[in-house]
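Inspection log for the structure reproduced underneath, given as structure tokens.
Each chain gets a letter, A, B, C and D, in the order it is written, and its residues are counted from 1.
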Amino acid sequence: MKKFVNEVENILTESLTGFGKAHSDIIDVRLSPDFVFRKNKSQNDKVALISGGGSGHEPLHGGFVGYGMLDAACPGQVFSAPTPDQMEAAANEVHKNKGILFIVKNYSGDIMNFEMGADMIEHENQTIIVNDDVAVEDSTFTTGRRGVAGTMIVEKTVGSLAETGALLEDCKIFGDHVNKMTASMGVAFTSCTVPAAGKPTFELSNDEMEFGVGIHGEPGRRREKIKSANQLTDEILETILEDLKPDNNQEVLLHVNGFGGTPLMELYLLFECGQKLLEKKNIKVSRSLVGNYTTSLEMAGGSFTVTKLDADIAKHWDSAVHTPALRWKM
Amino acid sequence: MNGDQIFNSINNIQIIIKNHKEEIEKLDQEIGDGDHIFNILRGLDEILNLKEELLDKPVNHIFKQLGMKIMTTVGGSSGALFATLLIGMSKKYSSDLSDLNNLSEMFFEGVQSMKKRGKADVGEKTMLDVLIPVSNNLIELQNETDFEKVANNINNVAKDGMLSTKDIIATKGRASFLGERAKGHIDPGARSSQLAIEAICNQFINK
Amino acid sequence: MKKFVNEVENILTESLTGFGKAHSDIIDVRLSPDFVFRKNKSQNDKVALISGGGSGHEPLHGGFVGYGMLDAACPGQVFSAPTPDQMEAAANEVHKNKGILFIVKNYSGDIMNFEMGADMIEHENQTIIVNDDVAVEDSTFTTGRRGVAGTMIVEKTVGSLAETGALLEDCKIFGDHVNKMTASMGVAFTSCTVPAAGKPTFELSNDEMEFGVGIHGEPGRRREKIKSANQLTDEILETILEDLKPDNNQEVLLHVNGFGGTPLMELYLLFECGQKLLEKKNIKVSRSLVGNYTTSLEMAGGSFTVTKLDADIAKHWDSAVHTPALRWKM
Amino acid sequence: MNGDQIFNSINNIQIIIKNHKEEIEKLDQEIGDGDHIFNILRGLDEILNLKEELLDKPVNHIFKQLGMKIMTTVGGSSGALFATLLIGMSKKYSSDLSDLNNLSEMFFEGVQSMKKRGKADVGEKTMLDVLIPVSNNLIELQNETDFEKVANNINNVAKDGMLSTKDIIATKGRASFLGERAKGHIDPGARSSQLAIEAICNQFINK
């Protein structure tokens, strides 16, 4: 394993400390239990948004703490859900008398630990479960779909609504709505290497890809021969559109997310493929985001996320945001 | 039951898990995200660090503290579940009961809490495919005096449960995302749970 | 080679087109000859800043076109300097009657092609040559040092000065000054794969790194066994400080740049190592930038860049900027 | 000299370069950035596309257009340098001179322009270590009537120049960043230039 690391056990602590220092103008980092939180608390009472999950997906979630997005984020070990005491400590630090809204990706570990965290706090709270990954069939009998790159779109838009002083109830309803309007799917060309493991999670031969991969390098729909960017785009967007069933002339946000090891050049090429295909289907890409936002360590590959836009979602996407990883209009 | 015995068992569990490190790591890489072995090892390290502090404490207190430690240091599905198991167990200890009676009652309670926490039951390709049959079996055998027989029984039930996960299509946990593709793979949590039980049973089996 | 690509010959065109669409609010892309330029031209006359270089370093340079930074960028083929007609076309598009300032990384190919471009235009023009890479010994007999991650710091600060309506002469002097105050050095853990080549540029075994690597995967000072993040930081920052000779209590900007294939988690860890070391030496890190800004396709590794700050540089670093890859205060 | 001959030579250059593709690619990967072969191949493709358009045009016009095409499609050091060579050459053609006289004068002028463009001279581990000796040699031989002799001579001079780059510590181009480490490696531009010259010389050598 070749990484910038001192002792593998300290990788998270050192990285979080560096993260805190590099963005000390807007966020702060508390250790043991670990969480990232906003430095300059808003003047007004607002619903406090707390997310979190296993580390290794940076900038998700710590990179999205700040004005217009999260109030706090709880990073777990690499690819392991955070522990309930992190959520408890974060909640006690950032609550502002309007309740706590947890934003959780749909994985057993995250759900259980966030539930236990919620049990430990006294503040009123609600939870949004994000499950945008259409690679995995949904069914009432199973855990359902995974939460992936669409999570940051929920965090951005609900974060914006919360900033207006909206009620917990309304933030929860809006977040569930954005989640329902959002679908994602990705493909991996290489594995990631969990630092503690020291070797790649899986092996793909030189002409293979994992179609519908998860953001932890979990297997997806199938392993198959690599295909052209256009073919991949077709297959992924077909699945996404089947799920979202957009209207004619539907306006959408198109997010091309890199998993960490794929150059920007390719992500923009993928965006071009996606935009062209959607245009052909009379779907209007009126918002875009291209880059490494929900990563899987150094995994090469990427995903498409489509969010159907209505006036509210568009407004809350466009509004000012100031976080380490996403910043505009301020 | 006392602190010495409890920590002795944890020691044995650590040994058996370490001996199967690569295997468990691989299981979670195949149908999960590969962190299970590290979660388990971190948890074992952390609770063994409590040995001196807890050795002489009451049994229910020990279980509670072990559960809290796991809850706050492990994370992931297994952290939440094993913490729930131990904290659940801590609630049922009674100084009036025999060790086997205590263990059966405590374990049953712990597993019930896990079922609630995980919203899962037998047949969903999780560690509960090991732990639920074991807890039922323990209840049945709680008045047995031949500990070796109990241990052998439990051991077999755990192994059967573990092996049964191989051909289940998962409906809970990460493996559920895989559908058909998870078939043929043993659940990592089932394997680590079964090994832990084996470590404890081995203490009572004269080999 | 596993990449998101259709025909390898079209990778740049498709990627540039996607880039143009994804950021159509602020930039536009012209093809044949290729260049990226600002969409909303400033109202006031200003010196027009034009940079460029081989592709494969994204977001450099196209990602830095916009208010407060570049007026245009000319992307060449992957790792090949752009052609003079690109510079000519870009200059004719963006000049604003106050002259053109070319910002060029110190490579023979870039220098020669930019010179030829400058010969082709009628507008008054000057060139800043950026050569911040201290991995390579400087000497009057050689081409000197390479231009690497410090380039975007020159682009940001001179871009800010140009926005105030400063004269070409003054922009040139300031850019040369920022360049002199800036030093960089990096290390690679893996090679990159040039799309046309289809295979890695070089091979490193599992425990080797290239110390002082260039941003095209060119060899650096030496190939050696990997070291801990702290040791690497020590060696790199020692070399940088030897060059910059900062005063006691010097304020600096510390930029940790990823080469493309290294997770953010590690880059922040590296920042932490760097910040701690500088603090020990009584150097104050008062500005920071961590992320993939000057990349080498999917190469794993990263670099440190240190810029000694004076009031002017700090002011022009802090000022508003609105480009695809760098945005703040607007 | 006419269009047919010029494009015939370019064809031969393309063939020899393609035959040495892997070797040239490797040379620039070792001491540069690996793009040299792609720059050269792209340039050759682009100028061969001009064949129909230029075939019947005056020689100086052809060279100028070839140079412009390379200038606007190749990029990198070699794009700038070979464009400069061809555009420089185009300036010196005179219909009064013999082919060999023309070639010598034109080539000398082209190489002079390259030296200015690259601010480089012999001994800096670049393509000029091939092209400067060749241009000097051509001037010396410009009144020779035995073309095969000229070709053999030039061929050897080019090879010597190319080989000489092996032990030079570069002071220009990317290899200069390497210092001592570039020693022992032939310069990619020197190799591709030498091969181009070899392709042309072979046209005059009866094998």
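The criterion applied here is as follows: contacts are C-beta pairs under 8 Å (C-beta built on N, C-alpha and C of every residue); 3 or more make two chains touch, one makes a residue touch a chain.
This structure is a prediction, so every number in the text was calculated from the model and none was measured.
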Intersection of the contact lists for chain A and chain B: none
Graph distance between chain B and chain C, where chains that touch are linked: 2
From chain B, the most remote chain by mean C-alpha position: D
Chain A-chain D separation of Cα centroids, rounded to whole Å: 54
Centre-of-Cα separation between chain D and chain C, whole angstrom: 32
Cα-centroid distance, chain B relative to chain D, in whole angstrom: 74
Centroid spacing, where centroids are CA-atom means, of chain A and chain C in whole angstrom: 28
Chain contact topology (line, ring, star, complete or other): line
In contact (per the touch rule at the top): chain pairs: A-B, A-C, C-D
Chain B - residues contacting chain A, complex: 25, 29-35, 38-39, 42, 71-81, 83-84, 117-118, 170-174, 176-179, 181
Chain A - residues contacting chain C, complex: 2-6, 11-12, 14-19, 21-23, 55-56, 58-59, 63, 189-190, 206-207, 209, 226, 228-230, 232, 256, 260-273, 275, 285, 288-290, 292, 295, 297-298, 300, 302, 327-330
Contact set on chain A toward chain B in their complex: 33, 54, 76-85, 107-109, 112-113, 115-116, 135-137, 141-143, 145-146, 194, 196-197, 201-202, 214, 216-219, 222
